[in-house]
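In the two assemblies presented below, subunit A is common to both, partnered first by subunit B and then by subunit C.
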Partner chain A sequence: MSIDDTALWWARHRAAGPERVPPASAHPTGMIRLVEPDASAVWLLPELPDNARPDVLDELGLPGIAVDQPNDTARVLAACLRCCWNEPTGPVWPAVPAPFDHVIGVFRAITGSRDERALHAAAMGAVRRLAGAGWVLFDEDTRVVRLGPRVASWSAAELSTLRELWRSLPAPPAGGA
Partner chain B sequence: MSAVFDSALAELNERHRDEVLAAFAALEHGREPVPEAQLLALRDATVRRDLQRLLYRLGRTLVRVGSTHWTSGFRDDVVARLAAEGATAQSRIDRAVLVLVLVHSVAIPRSQGLVSGDSWTSAHPTSVDELTRYTQLPRGEIRPALQRLRAAGLVQIAPPRGRSAVTDGPAYLPGPALHRLTKAARERLEHELILAAAPDSPLAAAIRARRPAAAPAPVAAAADPATSTTERNEDT
Partner chain C sequence: MTAGPELTLDQLAGDAAVERLYRQVFAVLARESGAMISDLELLDVDEAILDAFADAGRDGLTVDQAVAACRPIDPGLIHRRFEVLRDYGAISKVVDRPNERFHRAAFAPYVMLLFLRRLAEQGGQAELHQLLTLEHVSVTAPDAEPETGQTTISRLTRIFRHLGNELAILAAGSTAEQLGDHAQLLWGNKGLISQAEEVHTVVLNRWPQLDRECTALRVALAAYGDAVEKAAGRLIERAGTTRALGLLSVETWLSFARTANEDDLAGVLDTFVFDAPAPWFSPNLLTEAVESGRGANTVRQPPPRPEGPAAPPPDDVRPADDAASLRETAERLLGDGDAVAVSDVLDDAGDWLAARRLLADLTAIHHHPDLAYELTWSDGLHVDPGGSPSWVSDGTFRRGRTEDAA
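Here is the complex of A and B:
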């Protein structure tokens, strides 16, 4: 069976999310290659034209994929961004790893008073959802968070909005970032 | 613009190109099938062919839902390759739970004549209680699996219906991603379920006989609905 390589790589991404491959192995057409900081691997991410991106749904008034606990999930993503994106004037990938406790610290600061156990449960649920979709990489054993390959799909306009958001967020505790 | 999109749309004028890209975004990123009246690239057969050509290059294809809506799904030949590679976001448990929902919400009502057509979507809810009562899966894993399946659009929470919703607890329906199955994929799913549920039935024998000899359904896979039926089914 001969299927075009491009079709297969794009379909793999659709089925299983961003794929991590050995650095020299694949150069599929139309995909961005995101090199890991230590150059040990490369993430493949489809490059969509501006008018074929998910934000087109808003213009058309069509519903996108529903996210559980959308507010907490967005806040935890913002907290990860605040902790990991140490140079917000530069590119958002690869940024740096950050302890999950720092993320929880920022999350606590922007969610207001909440029972500590509920806060941890909400943050854990959100970071798992985000990790499942490739927005962050979360190591549950070491409790370290990194930004995931999908953040590289943000456009220049989205990044400038995010930079403003970054500046408005409280700094992580313990002098991080 | 991305090279794939450029070459697929090279012959189009600017307006048609924008229409194709908007329809591409609507089908690929949208939650539900899109009414064809809303977008030129779905309504107009010529532009729709260009949209199909673009999707095809990316391993996807147009899927018609009912007579007025469209969505996109995996090409059947691509599905076969992905399934062979095991490229899927859903774990074994998640696939098993999805199969249970499909059995309760679609297969059983269909066998009773309550659901017609070959769609894998349904209005017959499967209660969580029903899922946990008879299952051989670890009970604690069913709810997290349902959450992940919901995030993928493969199941959705059934709208509450009067008193029954209160007494039975939450209930689930197959999710909107099931619309993305092509006709061949819908049939394959039905055949796999028959092979799994009634491997000794005449129907199962007929399905096996119709399959190409080169790819017989392994007995072990047929006996295990978790791995055999939904591997080709993931879509988001």
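Here is the complex of A and C:
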């Protein structure tokens, strides 16, 4: 693969987020390939060095990209992690699909009492925002949530923090997924 | 006036005539003798005065007639402008003798005024085009001499050197804002240059001996073209990076947007990279959000209430009821009778300070729901100029209102 092609793939990622490509296609330098569970496609995700990751913005005190309802969105992401990451001792990708109702159940448990309609609206908005940014994959028709390719960009140290979080979260309602 | 020290009388007279014309022409721009105007309104005043002279006919105008003709304008202002115009010779006496009251106006200042207005409105481009057309006419005239062609060519060379120099200096050293202020020098330059080239071609074909002057004109035109390119390039570059869209006129942007093809439009954003709107969630952020979410309880709690049956409020917040003392006052005033006149009660009270307190008590007794007394007023008036209340309305205080109501 030429330098131009590699640059193009990096530019594509920068402009459009993680790219879903056929399994036998490109393998740009510096990108990891996340294979879908059924091996039908591959996600291309850049493998950034430690001093070039998005959390560097925090260290520098610079504002990152803003997101609406940041707290609710983060809670829904945590709930998705709790529901989809069924083997927290292993890697976070690809995890398993989970019904959206389970996510809402966890979300309800960690947000305290809240009006049911407001709860659903907040969770739906948050999961759509997360899906737009590639953190989760959300199928609106079947209401099934999966972790998105971007979760694979968490480092090993961050994953251990997330495991702590996973253990502290309430389990999803039994009998699903 | 470069003829040297040996001026003939004719030359002197000619110079004087030219200078007089210059003075007249610049009168409209003079604030007072020897200074430029700094106020646009003064130009309007000048125009009004000159208009008045144009309407006046052959007799001319006195100062006062001019003031009357320019009615809405402040007379003092008219007087001052009149003096300035007279100082410069734009207005002069009909007959040059002392005590002559009527004045006439020269036509040159008015023509100058018209030119100034046009220059101010159109930035001088139209005048340049007209000048070029006139030069073209003069060099194509059948009776034109080589000298005509030479003066024309040298004049055009100077004009374009001026234009080119000004633009080149601005483009090299000034800020983009200054450049934008002089942007009218940039517009229509293609037309100007091609017009000048036409004149140049005519002259060169007709008088090949003017080759040297024509070369100078070509150089000046090329320099002007280069300066325009450079200045426009700088403006566009600055406008692109600073988003200072005001540097070009709105119409210029609109016509660009309407006429450009897709590649041109896309080229505007060539150097920009758009980040996908993907927020980053660090595990710490997730943890903090989850923990703050547990603490937050969004159900509204009612404010705390006291427990147990409601205790009676303390004495000092209960409404004061002075029925007993009011009844006592009423009985004291009525004594054994059923009615007493208000004027008597007030007289008994002595001074007005005590009387008005009693009056207030009577009114309170009348309005108290539990007390069966009544205060009624009628039309009469007790007048006593020496008394403390010098007049008292005829009123009666009596018992038995509740029986009446029942």
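We take it that the second predicted complex is superposed on the first by the 171 of 177 C-alpha atoms of A that agree within 3 Å, B and C clash if a C-alpha of one lies under 4 Å from a C-alpha of the other, contacts with A are read in each partner's own complex, and residues count from 1 in each chain.
The rule we apply is simple: a residue touches a chain if its C-beta (ideal position, glycine included) is under 8 Å from a C-beta of that chain, and two chains touch if they have at least 3 such contacts.
The structure displayed is predicted, hence computed values, not measured ones.
Undergrad: Record, for the superposition on subunit A, whether partners subunit B and subunit C clash or fit.
TA: Aligned on subunit A, subunit C clashes with subunit B.
Undergrad: Examine A:P49 and indicate which partner it touches, taking first as subunit B and second as subunit C; both and neither are also allowed.
TA: first
Undergrad: Mind working out whether A:A133 is in touch with subunit B, subunit C, both or neither, as first, second, both or neither?
TA: Both: A:A133 reaches subunit B and subunit C.
Undergrad: Which of the two partners, first being subunit B and second being subunit C, lies in contact with A:D4: first, second, both, or neither?
TA: A:D4 contacts subunit B only, not subunit C.
Undergrad: Looking at the overlay, does A:A74 come into contact with subunit B only (first), subunit C only (second), both, or neither?
TA: second
Undergrad: Looking at A:E87, would you say it contacts subunit B, subunit C, both, or neither? Reply first, second, both or neither.
TA: After superposing on A, A:E87 lies clear of both subunit B and subunit C.
Undergrad: Quick one: classify A:L62 as touching subunit B (first), subunit C (second), both or neither.
TA: Once the two structures are laid over each other on A, A:L62 reaches subunit B alone.
Undergrad: Does subunit B (first) or subunit C (second) touch A:R114, or do both, or does neither?
TA: second
Undergrad: Please indicate which partner A:T29 is in contact with in the superposed arrangement: first for subunit B, second for subunit C, both, or neither.
TA: A:T29: touches subunit B, not subunit C.
Undergrad: Using the superposition on A, tell me which residues of subunit A are in contact with subunit B and, in the other complex, with subunit C.
TA: Of subunit A, residues 11, 14-17, 54, 57, 64-67, 129, 132-133 contact subunit B in one complex and subunit C in the other.
Undergrad: Inside the complex, what are the residues of subunit C that reach subunit A?
TA: Listed in rising order, the residues are 273-290, 292-299.
Undergrad: Quick check: in the complex, which residue numbers of subunit A touch subunit B?
TA: Going by the criterion above, the answer is residues 1, 3-4, 6-8, 10-12, 14-17, 29-30, 46-49, 51-54, 56-57, 59-60, 62-68, 129, 132-133.
Undergrad: Applying the document's contact rule, which stretches of subunit A touch subunit C when the two form their complex?
TA: Subunit A reaches subunit C through residues 11, 14-17, 54-55, 57-58, 64-67, 70-75, 77-78, 81, 110-115, 129, 132-135, 150, 154, 158-159, 161-162, 164-165, 168-169.
Undergrad: Once bound in the complex, which stretches of subunit B touch subunit A?
TA: Contacts found on subunit B: 1-5, 18, 21-22, 24-26, 28-32, 34, 38-39, 56-60, 74-75, 77-78, 80-82, 85, 87-89, 147-148, 150-151, 153, 234-236.
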